[in-house]
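Please find the structures below.
Note that chain A is present in both complexes that follow, paired respectively with chain B and with chain C.
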Partner chain A sequence: MSSEATRDSGGGGTVEYIQHHLTNLCAGDCDPVTHQAAGFWAWHVDTIVISYLLGALIVIVGWRVGRNLSLDKPSGFQNFVEMVLDFVSNQVRDTFPGHNPLIAPLALTIFLWVFLMNLMDMIPVDLLPVIGAAMGIPYLKVVPTTDLSTTLAMSLTVFALVIYYSIKVKGPVGYLKMFLFHPFGKFFVPVNIAMTTIEELAKPLSLALRLFGNLFAGELVFLLIALIGGTLAVGGGLSFLWGGLQVALDLGWLIFHLLVITLQAFIFMVLSIVYLGMAHTTADDH
Partner chain B sequence: MNITATLIAQIIAFVLLIWFVSKVLWGPMSAMLAERQKRIADGLAAAEKGKSDLDLAEKRVLEQLHTAKIKAAEIVAQAEKRAGAMVEEARATARVEGERLVTAAQAEIEREVNRAREQLRGQVSAVAVAGASRILKREIDAKSHSDVLNDVIAQI
Partner chain C sequence: MKNPPRVGLLLVGVGTHMAAMVIMGFVLGYALDAWLGSQPWFMLLLGGMGFVGGILKAHKMLSRWG
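And then the complex of A and B:
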C-alpha cells in the first residue's frame, strides 16, 4: 500500500510519508502549510471523531448488553462482558482501599476506551488514510491515543478526581499538610513542597506520556515496516523478498503490539486506581 | 503533537463516557451479578437446609421405626400372654365342667343304684315272703312277722 506513494518520490518521500501519517486532520487555529496546530484553539478532527465513535461503540454495545441482562442464561457476549467487568472489579478490590462507587466504572471505562483506541493501531497503517484520501480527507491519524491531547485529557480528568478526593478525604488542611510535611518531616518544608508538587504533577504526566509514547512509537514502527517494501525494493527485482520481509516483520510487530496495547490499557487503568486509592488514604496511613 | 483544544473535547468525552458506562453497563450488570451471587448463595443454603431436613427426617423415621418395633413386640407379647391366660382359663372351666358332669353322673348313678336297690329290696322281701309262705305252706302274717322280715331285708 505504501509502496506506490513512496516509490515515486524516493528518499525524501520516506520522511514525507511518515510526516503525513503523523499529521492530524486539523481544524481551527492551524498552520495552512504544514497543517500542524498553530495555537491552542486547533481541533484534531480525526482524533475527536474516531475516539467519539469508539466511545459511542462502548455506549451502544454496553447499552444493548445492559438492557438484555440474563440472570440465568447469559449469552456468550454477556459472559465476555461479565468476565471483563469481573476482572476490572477484582483489580479495584485489590488496589483500592475503602469503597467508592465511581472508581470501578471509571476503571472499566478507561480500560475499554483506551483498549479500543489502541486497537485502532492494529488496522493496517495505510488502510484508513487511503480510504480517507479517496473520500477527500487529506490527513488522517487513525489512533487517538497517539495524540497527546487524548491521553492528557484522561490523565487530567483522573488527576482532577485525585485532587477532589484528596481534599474530600483528607480535608483541605490535611491536603495542605501533605504538601508541607510529606516526604521529610516538618524541618524541610520548602523541599517538601517542591517534592510533593513534583510527585503530584508527575502522576498525570507520566500517565499521559507513557500511553502516548508507547502508542506513538508503535505506530512509528508500523510505518517504518510499511516502508520496507517500498524503499528497499527500488534497487531491483527483489521486491517480492522485501515484501515477504515486510509481511513477516509486520506480523511479528502486530502480535507484539497486541500485547503492548492491552498492557498499556491495563497499566493506565491500574495506575488510575492506585492514584485514586492514594487520594483516599488519610495522611496518617503512610 | 502539541496540546490543543482537542484536550477539551476529549475530557468532555471521557467524563460522559464514564457516566454512561456507570449508568448503562456497570450499574445494571453489577446489580445483576450481585443478585446472581445472592441467588446462588440462597440455592446453596436451601440445598444445605434440604439436606439437613432429610437427615432429620431419616433420623425421625428410624426412631419411629424403632418405637414401632418395640410396640409391636409389646403387643405380641401381650397377645401371647392373653392367649395363654385364655387357654388356661378355658382349661380350668373345662376341668370344672368336667368334674361337675362327673359328679352329676356319679350322683345319678348312685341314685339309680339306690333306686334299683330299693326296688330289689322290695321285690326280695316279696320273694322272701312268697318263698317262706310256700315253705311253711301257710299264711304268714306279714304284720306279725314284719320284724323278722325287716331283719331279713336289712341283711340283703
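And then the complex of A and C:
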C-alpha cells in the first residue's frame, strides 16, 4: 500500500504503526518517502547488523565451549551443545547419501543461524524499536528473517552449492542432460528445458518464501496483538478486559510461535541437505 | 538413490514448491517476453508450464513418499 493510500484510508495510527514496524532501516538507494529500497544498491542496515551480530554470537559461544571442553565433567551447556550437534549430525546421516565433510557444518550453521534470527521474534515487538528511536534510529526491523533479502540470500547460497556439486558429481554433460531429457523424455527437449529450469529455480524460491512468509506473518500477528494494548488508552472501564485479552493472546501466540520458528529453522536445514543430496546422486532421481 | 528414511520430510515443501513453480514460470516468461518483445506469450506459456509442472511434481512427491 502506498503512503498516500495509507493517509487516505483513515486507518491513522494503527496502519502507520504496523507499516513503521515492517520498514527496514534503509541506506543507499532508498525511496525518501516510503523508506523502501528503490534500487539494487539499497542496504537494509538493521538486517545486516542484527544477522551479523547473531552470527558472531554463534562463533563466540562455539569458541568458548570449544575451549572449555571437558570429558570428565561436561558442563550443562556443553551437554546441550553436544545434543544439538548430535541431532544435526543424525539428520545429515539419515538424509544425505554419500560423504561430504562440508554438509554437516553447513547444516548446523543454517539451523543455528536461522533459529537465532527467528528467535528475535520473541523479543517484545516495541522494545528494540523504542530503544532505537531513543538513540536516533528511525526504523528498526529486528527479525532478519522477516526480510526477503536474508532468506533469498541464504537459499541462493544453497542453490549455488547445489549447482556446483551437481556439475562436480554429474559432470557438465550429465548436468545438461538433466535439463534436456527430464521429465518428458527425448522427444520434448524444448519443453523439458523450460520445465526443468522452472523446477530448479523454484527450489531456492520456495525455500526462501516459506521461511520469509512464516516469519513475516508471525511478526504481523504479534503486531496486531500489540495493537490491542492501544485500545487500553480509550477503553475506559473495559481496560482490564483488553489488557487481559492481550496478555492471553500474546502468551498463546508466543508458545505456538516458538514451535513455528524451530520448525522453520529445521525445515530450511533439512531441505538444504536434501537438495544437496540430490546434487550428489548420479541417477535421475527428482 | 536409496530412499533415505527421513526424506518424507520433503512433503512439508510440496505446497510451497508448487506455488514457487507457478511463480517462477511467470517470472521466467516475463523476463523472456521483456527480452524478445513478445508480450504476453512466453509469460502465459511458461506460467502454464509452471502450473502443470507444479501439479506433476506435487503428485510425484506425494505418490512416492506419501
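Heads up, the rule we're going with is that the second predicted complex is superposed on the first by the 265 of 286 C-alpha atoms of A that agree within 3 Å, B and C clash if a C-alpha of one lies under 4 Å from a C-alpha of the other, contacts with A are read in each partner's own complex, and residues count from 1 in each chain.
Everything that follows uses one rule, which is that a contact is a pair of C-beta atoms (placed from the backbone, for glycine too) under 8 Å apart; a residue touches a chain by one contact, two chains touch by 3 or more.
Predicted model only: the values in this text are computed from it and were never measured.
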item: Touching partner for A:A194 - first (chain B), second (chain C), both, neither; value: second
item: Chain B versus chain C as contact partner of A:W63, first or second or both or neither; value: first
item: Broader residue contact with chain A after superposition on the shared chain, chain B or chain C; value: B
item: Contacts of A:Q19 with chain B and chain C, given as first, second, both or neither; value: neither
item: First, second, both or neither for A:T47, with chain B first and chain C second; value: first
item: First, second, both or neither for A:V81, with chain B first and chain C second; value: first
item: Partner chain in contact with A:L152 - chain B first, chain C second, else both or neither; value: first
item: Touch list for chain A against partner chain C, complex; value: 91, 94-97, 183, 191, 194-195, 197-199, 201-203, 205-207, 209-210, 213, 267, 270-271, 274, 277-278, 281, 283, 285
item: Of all residues in chain B, those that touch chain A in their complex; value: 1-11, 13-18, 20-22, 24-30, 32-33, 35-36, 39
item: List of chain C residues in touch with chain A within their complex; value: 1-2, 4-7, 9-10, 12-13, 16-17, 19-21, 23-25, 28, 46, 49-50, 53-54, 56-57
item: Residues of chain A touching chain B in the complex; value: 24, 28-29, 36-37, 39-44, 47-48, 51-52, 55, 58-59, 62-63, 65-67, 69, 71, 81-82, 85-86, 89, 101-102, 104-106, 108-109, 112-113, 144, 147-150, 152-154, 156-157
